[in-house]
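Look for chain A in each of the two complexes below; its partner is chain B in the first and chain C in the second.
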Partner chain A sequence: MKKIIKYVMTDILRNRIVLIYTVFLFITSLSMFSLEDNVNKGLLSLLNIILIIVPLVSIIFSTIYVYNSAEFIELLVSQPLRRKSIWLSLFTGLASSLALAFLVGTGIPVLIYQANNIGFMMIAMGILLSIIFVAIAMLAAVKMRDKAKGIGAAILLWLYFTLLFDGLVLFLLFQFADYPLEKPMVGVTALNPVDLGRILILLQMDVSAMMGYTGAVFKDFFGTYTGVMVSFVAMFMWILFPLWSSTRKFNRKDL
Partner chain B sequence: METTVSMRTIFMIWLFLSGSLLAHAKILHVGIHQQFITIQAALSSASNGDTIWVEAGNYHEKNLLINKSIYLKGFGYPVLDGEKKYEVISVKANGVTIDGFKVIHSGVSSIEDYGGIKLYDCSGVTVQNNILEDNFFGVYVLHGNHCTIRNNRVSAYSVEEQQSGNGIHCWKSDSLSIIGNTISGHRDGIYFEFVTNSIIWRNNSFKNLRYGLHFMFSQNNTYVSNIFNNNGAGVAVMYSHGVKMFNNYFIENWGDAAYGLLLKEISDSYIGGNHFEKNTTGIYMEGASRINMEKNLFKDNGWGLKIQASCMDITLSKSDFIGNTFDVGTNGSLVLNNFNGNYWDKYEGYDLNRDAIGDIPYRPVSLYSMIVEKNPPAMMLFRSFITSLMDKTEKIIPSITPENLKDEHPMMKRQLN
Partner chain C sequence: MIIATNVTKSFGKLKALDDVSVTCNKGECIALVGPNGSGKTTLVKTILGMVVQDSGFITFNGNNILHHWKYRDQIGYMPQTGRYPDNMTIGHVIDMMKDIRGKEAILDEELFASFDLQSLLNKRMRTLSGGTRQKVSATLAFLFSPAVLILDEPTAGLDPVASEILKEKIRKEKKKGKLVLITSHILSELDDLVTQVIYMQDGKMLFHKNIDELRSETGEEKLNRAIAHFMTKN
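Entry: the complex of A and B
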């Protein structure tokens, strides 16, 4: 298993895309902190990167990588190796290299300029989102045999998590405006890792933002130790469930 | 020679006059080893214009009623204890000065408004340099005229609004000066009702249960350089005209119903040079009209300014909006107000002719802030991709946000520091 992980990682490094991604993250994060006179504004722009760019790169890169390694996977399957360990090594290789790219690219500037709770929460969420979207990408890739269809599905999934889900929530909020929706909303956020990450970061960052009763309800839940634990567990579920599902599918798949 | 004679005459006359005055104004000493042991005793043998010097110590005077124009001076903060039963000092004479006492434990009642120091129908009274602790009402002015409340420290420790009175409470008074007091832990820090032509200057009102400053039906008062921070619901001012507020600080008033400054039915007023920092809502205006607001700083608030559609003829100019979650919120599309020449840190326009004024107008109301106003749980989508996308679209083609609510001449640089 170790050998496969090592092979996947060196392959990704040789690919250079992840290196470019790291450099891109590094330069943008650094410039966001140094260009804005207001540190908070820099953090906000960084928040957008974490919530939009990181999932996008993770999901697209992973999907394409899995499709492109189809032959390599077939080769591995023909060896006396368990399919589960092949699939998990592939996941570990992808997830760790993308998480590492984020840690180096954004983590270092954040630690230089904002080494506090906000910074640590941002780094943690960025890493978790990278891994989650690798897991989701692998599920999409294993479900679709056709490459174009698979990549399309990955883009749609990204669109869903970053945009459509929130639109749906907004729609529901207006449909059920007469009901007290604050508490159910806490549960609804757990259905989208991007929202979960955003709220966890915002609660560290911007007290003024989460105002009013909704803010109070969110703060009561996410602001406590249990709340943070529960949301981290929810984030890990977002890794484990797609991964478990895709592993099962891969085990039975006729390659 | 002649001049020296006249000088001598004047000096003699002066000596005679002052001598006669001194002969009339006695100084009565109160203390354990003094002529009088209680203030009450000294008071009954005093006459108008006398001075009573009180040494440090504990005095249980029950209710000390001052009905002569005297100067009551405490040394080393003599303690006047109301034993949780009495009103500590009641003043019912003109020209009284109360200086340097520590007034504690007034009675608490739901029928009577007991005060630590209460002034009844009097004028020219000065209350200064006192410490008022754990009283129901701190200083209470009832029908006062030309009274001065200066440099007092007023604090209380109640947890419930019902069990607590106001720090400095003024009712039906005129020409008061409230200067340099520190007030905390009361229901309202400073409370005015039917008070006119007064000045409130350099007070510090913090951690009060309800409002730092609260006034109603109080016309033509001026508020200068006060600090209101961390009060339960900020500052609320209602049903008044001719309000002038200069250089006050409204800081850290947090909560669902907390406002830096709440203006309700205020007209013909001026609000300038004030700082609104870290409040849930910097200024909330309802039914306000003809108000000139300029050179104010709105920084790190949830909402910088909430201006309801019931307001008219509000001029907002030369102000800075920095780091607010939402700069301006409103509830309707009717705009009868004028925004001009402010600095907005969210402004994304340009300045081609380099006159420091942005070339395209700035619309401070975002679509998302309108949505949150209508549907508060939508706050959950704060800073998400979809809301910023909606805001951007709305900025280009306004459809829901009021089209006329805009700053035609937004500044490119901060104007205040």
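Entry: the complex of A and C
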């Protein structure tokens, strides 16, 4: 398994896209901090980058990478290797290189300007989101045989998690405005890793007051130690479930 | 050595393999023949575990291949169209395969030398012609001196010289008592190689016969005549 990870990693590094992504993250993060005189404002702008750009790059790059590795996968499958280890190595290679890109690109500037709880939470969320969206991308790629369809599905999934889901939640909130939905909302959040990440970071920043009564409920839940633990577990489920599902599918796939 | 029992595989509505049962033993050189789309490649790929059958099972030395993935280190496979990662060079691909197979295998670099791949070592896979790709595929198939050789259309795309080298190599390996499985629809080139013939059509195995048996039955000396005889009879 180690050998395959090595080949995947060198291939990704040779690809240069991940390198460009790292530089992009580094420059934007640095400029966010130096443009704003208030470090907190810089963090807020950076938050949006983490919640939108990171999932986008992770999901699109991984989907395309899996499709482009079709030959590589085919070559390996006819060799004495377990299918599971081929697939998991591909995941490990992709996830670790994208997480590393984030750690270098955004992690370093954040640690320079904001080496506290907020900063650490931000880095943790960025890394988790990178890995989650690699897992989701691999599920999309293994389900669709057609490349164009697969990339389309990846883009739609990204749209759903970053935009549509919030729209749906807002719609539900307005439709059922007469009912006390604040507590169920906490549960609904777990259905979207991007929202989980956003809330965990915002609560560290103490701006939850801006979120009204729901914010208070969130603070009550996510502000506690168990709340944070539960949301981390939920995020790990977002890695494990797509990964498990795609591995199962890949085990029976015809090449 | 390889026993397939009632293997069935459908791609959507198309039945690529329909209740196929085959037994392949050591020292045999089996030709898998049949028209295009008769399921030859699918059968080969199910034996390799690249295609997962819908029903039936395949055993390799008595172990069900679904659970014993290790058996593939005893197989050298030459695909019909070798597809390799575009940005790797020939050298990279060969090194990677050596790395994956581990050190236990005895390397057989005869084809590597006779195809003169040394001079092409730094060429990227995407720049290669179809024939050179086939040479790489053939080299990789024989490289680890496997007990079983599965060759899918081995000489398609090779020039006459290379094709002769490859056939000579197959003959040599056959003499060593290896199981060789060749699919082809160019029958004339198999004449002096094969000991058995499996004929497939529309996913069904029509017959599995010894070549001498086939010859005496049809009264034809040449393999393609014999097969043609059979096809017109059906």
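The criterion applied here is as follows: the second predicted complex is superposed on the first by the 249 of 255 C-alpha atoms of A that agree within 3 Å, B and C clash if a C-alpha of one lies under 4 Å from a C-alpha of the other, contacts with A are read in each partner's own complex, and residues count from 1 in each chain.
Just so we're on the same page, contacts are C-beta pairs under 8 Å (C-beta built on N, C-alpha and C of every residue); 3 or more make two chains touch, one makes a residue touch a chain.
Because the structure is a prediction, the values reported are computed rather than measured.
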- Message: Quick check on the chain A-based superposition: chain B and chain C, clash or fit?
- Response: fit
- Using the superposition on chain A described above, determine whether A:60 touches chain B (first), chain C (second), both, or neither. neither
- Message: Given the overlay on chain A, how many degrees, to the nearest 10, lie between chain B and chain C at the CA centre of chain A?
- Response: 180
- Message: Going by the contact rule set out at the top, does A:124 touch chain B (first), chain C (second), both, or neither?
- Response: neither
- Give one of first, second, both or neither to describe whether A:11 is in contact with chain B, with chain C, with both, or with none. second
- For A:182, decide between first (touching chain B), second (touching chain C), both and neither. first
- Identify which of chain B and chain C touches the larger number of residues of chain A. B
- Query: If you stack the two complexes on chain A, which partner ends up touching A:190: first (chain B), second (chain C), both, or neither?
  - Reply: neither
- Based on the superposed arrangement, let me know which partner A:254 touches: chain B (first), chain C (second), both, or neither? second
- Query: Nearest CA pair across chain B and chain C in the overlay: distance in Å?
  - Reply: 38
- Note on the structure: Contacts from chain A onto chain B in the complex sit at residues 38, 40-41, 44, 47-48, 51-52, 162-163, 166-167, 169-170, 173-174, 177, 181-182, 185, 188-189, 195, 198-199, 202, 206-216, 218
- Query: Can you list the chain B residues touching chain A in their complex?
  - Reply: 254, 256, 278, 280, 300-303, 322-325, 345, 371, 374-389
- Message: Taking the touch rule as given, give the residues of chain C at its contact with chain A in the complex, in rising order.
- Response: 11, 45, 48-52, 69-73, 75, 77, 79, 83-87, 93, 96-97, 99-101
- Task: Please give the residue numbers of chain A that touch chain C in the complex, ascending.
- Result: 3-4, 7, 11, 14, 68-72, 74-83, 251-255
